[in-house]
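What follows is a pair of complexes built around subunit A, which joins subunit B in one and subunit C in the other.
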Partner chain A sequence: MMRIAILGFGSVGRGIARAILAKNLDITVTGLADSKSGIIDAGGIDLAAALARKENGGACGNAGVSPADVVAKADYDVLVEVTPTNVEDGEPALGHIRAALRRRKHVVTSNKGPIALAYPELRALAEESGVFLKYEATVCGAIPLIHAMQEGLAGNTISRLYGVFNGTCNYILTRMAAEGLTYDQALAEARELGYAEADPTYDVEGIDAAIKLVILANTVLDMRTVLDDVERTGISLLTPDALQLAEDQDCTIRLIGEIVPEAGVLRVSPRIIEKDHPLVVEGTLNAVTVGTDLAGDLTFIGKGAGSTETASAVIGDLLYIQSRHVQGS
Partner chain B sequence: MMRIAILGFGSVGRGIARAILAKNLDITVTGLADSKSGIIDAGGIDLAAALARKENGGACGNAGVSPADVVAKADYDVLVEVTPTNVEDGEPALGHIRAALRRRKHVVTSNKGPIALAYPELRALAEESGVFLKYEATVCGAIPLIHAMQEGLAGNTISRLYGVFNGTCNYILTRMAAEGLTYDQALAEARELGYAEADPTYDVEGIDAAIKLVILANTVLDMRTVLDDVERTGISLLTPDALQLAEDQDCTIRLIGEIVPEAGVLRVSPRIIEKDHPLVVEGTLNAVTVGTDLAGDLTFIGKGAGSTETASAVIGDLLYIQSRHVQGS
Partner chain C sequence: MKLEMKDQPGQLVAALKPISAVGGNIIAVIHQREATTPVEGLDVQIVLELPEGRLDSLLELLREQGVSVVRIGEERLLYECTLIMIGHLMHTDISDTVDRIDRTGSAEVTELSLVMPAINSPSSARITIRSTTRTEMKKAIRILREVAREKELLIIEPLEGA
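Moving on, here comes the complex of A and B:
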């Protein structure tokens, strides 16, 4: 039996809760908090009831219990930190993750901020405490990319990594190419469908993709980079004419993130790319090609976002920890 | 330091040896044998010298040392079994794997025969002995597909698995479509390039793809199947006309292997498929889509064969075992 505490009960947190219930996983939730309320119960929180309360517009727990209380006082093996990303200073998630690691608790997170900003420090802390820090959900949602690079491709040297890391941009570009829409028309459509935020800057200017590159560079490629190291061009200035020009050559345009470790290159920019290239995926999909010395080029395609998809990555990390460290506890 | 014994010193065995040397891995080879000769040396075999002997047409070791001797007498943590596949009875590999597991040695293999024919028995034996049995290289070469399904996607229920599992057929179909070649012309070309055997039956009749389906079904999907359970149609009767007909609809033809676990379906057959589908890969590539409940559809594309590519999968398995069980020994 693995005991977890969940911070964040938005779409990802609830996706995890639903998966735990539906799959009857050997996991008990002993702490739960969002920004407004929380619960601590060493005997196991009634997840179905908490979900029902939250989905009826209520609070998931008691106003007197904060996320910091859950981190410090609940009785858990793994902290599941799935609050919204803050890329300025990573807070309050960063503080909660630090506190949990200091308590010798494993941490699984979907939060890009702390991993992009403070991975070396957090990793050292995890090693000191003899616990795991896992973050598969921070990059490309449901695609087990970090797993594949750290485990299946262990032994390979990665010479290049490039792909489509942002589903919002990919959706906009897909629609511009398919229907001849302008950028503004396609963005409006993406907003209507919930694929783009009211302020789309974070996605369309390539910031989200750049953060994912920083995470991969620092955690899997032994680089030490920050967001400012990424050369970055977004898609907001792209015209239907540019897409038509690409189309005339049997090509299209995709926002491609690229890392060349040996050259120290990190770059996000719109690229002209042949339509039958494996990275030309449609809609909100993500696709990443990993260039290696032994295995050659490998391409991974899948859903980069979504409540259930992100939950899949978090649960993969939880089961990874369970199979190694929490058995029999 | 992990000690391994290698059975098989053909293209895969030598690829592994070269990778161990080039990457300076913390691995010592204490036993080595092919069908003609062998060496046992607890102090560590000089791999570079063995490679040089073999590549100059000589023997890798002494005629008096057999593979069975290496399995029974060498001092190793992991048996690396990379002899050619025999799908009739899995021998002699099957006997060697059994003997190693009984000696409480981990086993890593690229050999489809024993895994397709005897996985339940071998797995029980490995569990009894408290050791790992790993076989990533048996399916889709360099693609860490089994890893991804067992680890990254742990927690998902797999509803469907389908893809291009045989590079030889994919090469032939690619060339027929691109150049309007007949099946015989494309096959002749594949033979010249070393992509097809003198007797191509195993590949072109879908037997190789079917064996991979059996391995995935039995090892990752909790099914109990044998080769005869796979409905199988090859590509040898396909005409350029059929490909042209597909082309006229912006489609092409690929040999697709498919498993639908709940329906008990295992099938290999040529399918008409839209040209921009992620599974439409060119040349000898493999591509597999895994349909899951949480993560949605995930597609993996990469090289399905080759000395270095297969070595990549074997080394991934070795490092997996090293990180879990052989540390500090």
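Moving on, here comes the complex of A and C:
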């Protein structure tokens, strides 16, 4: 049995809890925290009760228990870090991840901040401690892109990696193209459906996609890059006319993130793309093409976000660790 | 591409043979009397298609034949790239934008569709550039990017290069 502590009990954290409840995954949660409370229970936390408390607008645990307490004191094999992304300094997640790694605990996270900002350091720390640091959910939600590149495509040289990394932008562009909506109209619709945040800057200016490129570049493509290295243009200035001009030529416009390792290209920008191109996916889907020397081109399409979908990636990482490391207890 | 030479006796015939020798295909032979041309001769233009990379050997053969080529217009615009521009295209002098590319001599704007927007809102245009080589296309796109930065335009490039 694998014991985990979960930091963050929002969309992703609760998705993980629901999957653990619904499926026989042989995972017990011994620590849990949200922004205001925490629980530590070596015998296993009652997840159904915690979910109910949260869904009734309460806290998941006790006000006296902090996330730092959970990290430092709970009895777990793997820390699951699923709190909000902070791209400035990665905190407080970064500190929690460091603390867990120092305790020789594996870490699985969906949080882009610490991985984009401090991967080399965290990886070295994990190696020193002889534990895993996994982060599949940080890029493209449910799509097992990192796993595919690290395991299935091991031995290939990646010549180019490009695709749709942000579901919010893809939704907005899909709607602008299909209905002739203005950017503002499509954004309003995306907000109403919960696809866009109140402040959409992070998504629509391509920052989210750029962070994902940095993560891929640094963790699977042997590059050393930071967010500022990514040439970045968002979608907020796009006009319905521009989409129509593309449409006139059987094309459309999508926000594409692109890495060309050899040329050092890291770029997020709206691009003209043929409508029948495999990367032209609808709604909030993500799609990524990996160009390799041995395997040729591979295109992955799937849900880039969502509670259950992102939980899927976290659970995949957990079970990967379980199958390789965690001894039965 | 276009070769221009003086129409002196024998030159045209001497020019035609090497073209077929290097696998070129003559599309048109145009005699052109330019106002500025001095009386002694007509200008002759040969418009031809040439397989990639044969230009140097053609010029070598022509030289051997004693044909003097006045000007080579590489009008074989093999590469095409369509982009979309968004911004205050009119206020930032769209003809200058086009000019900056045309001025390279090796790439030119062959099509421009402009959608006129409501007053004061940004306009959108689709611009097609053709060029003689891939390198020239890259250069043209680089120029367009520079112009865009200067004029605060948004340039949307195709996913697949030229």
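Criterion: the second predicted complex is superposed on the first by the 327 of 329 C-alpha atoms of A that agree within 3 Å, B and C clash if a C-alpha of one lies under 4 Å from a C-alpha of the other, contacts with A are read in each partner's own complex, and residues count from 1 in each chain.
Basically, contacts are C-beta pairs under 8 Å (C-beta built on N, C-alpha and C of every residue); 3 or more make two chains touch, one makes a residue touch a chain.
Since this is a predicted model, take the numbers as computed values, not measurements.
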For A:Ile321 in the superposed arrangement: first (subunit B), second (subunit C), both or neither? neither
Once the structures are superposed on A, label A:Glu151 by its partner contacts, choosing first (subunit B), second (subunit C), both or neither. first
Look at the residues of subunit A and decide whether subunit B or subunit C touches more of them. B
Applying the touch criterion given at the start, work out whether A:Gly302 contacts subunit B, subunit C, both or neither, answering first, second, both or neither. first
Based on the superposed arrangement, let me know which partner A:Leu187 touches: subunit B (first), subunit C (second), both, or neither? neither
Between subunit B and subunit C, whom does A:Pro278 touch in the aligned arrangement: first, second, both, or neither? first
Mind working out whether A:Leu133 is in touch with subunit B, subunit C, both or neither, as first, second, both or neither? neither
Using the superposition on chain A described above, determine whether A:Val82 touches subunit B (first), subunit C (second), both, or neither. neither
Once the structures are superposed on A, label A:Ile40 by its partner contacts, choosing first (subunit B), second (subunit C), both or neither. neither
For subunit A, give the residues common to its interface with subunit B and its interface with subunit C. none
In the complex of these two chains, what residues of subunit A are touching subunit C? 162, 233, 237-239, 241-242, 244-246, 248-249, 251, 253-254, 256, 269-273, 277, 279
For the complex, give me every residue of subunit C touching subunit A. 82-84, 86-87, 113, 115, 117, 121-126, 154, 156-159
Subunit B contacts subunit A in the complex at 19, 23, 25, 136, 142-144, 147-148, 151-157, 275-276, 278, 280-282, 292, 294-303, 306, 308-309, 311-313, 315-316, 318-320, 323-324
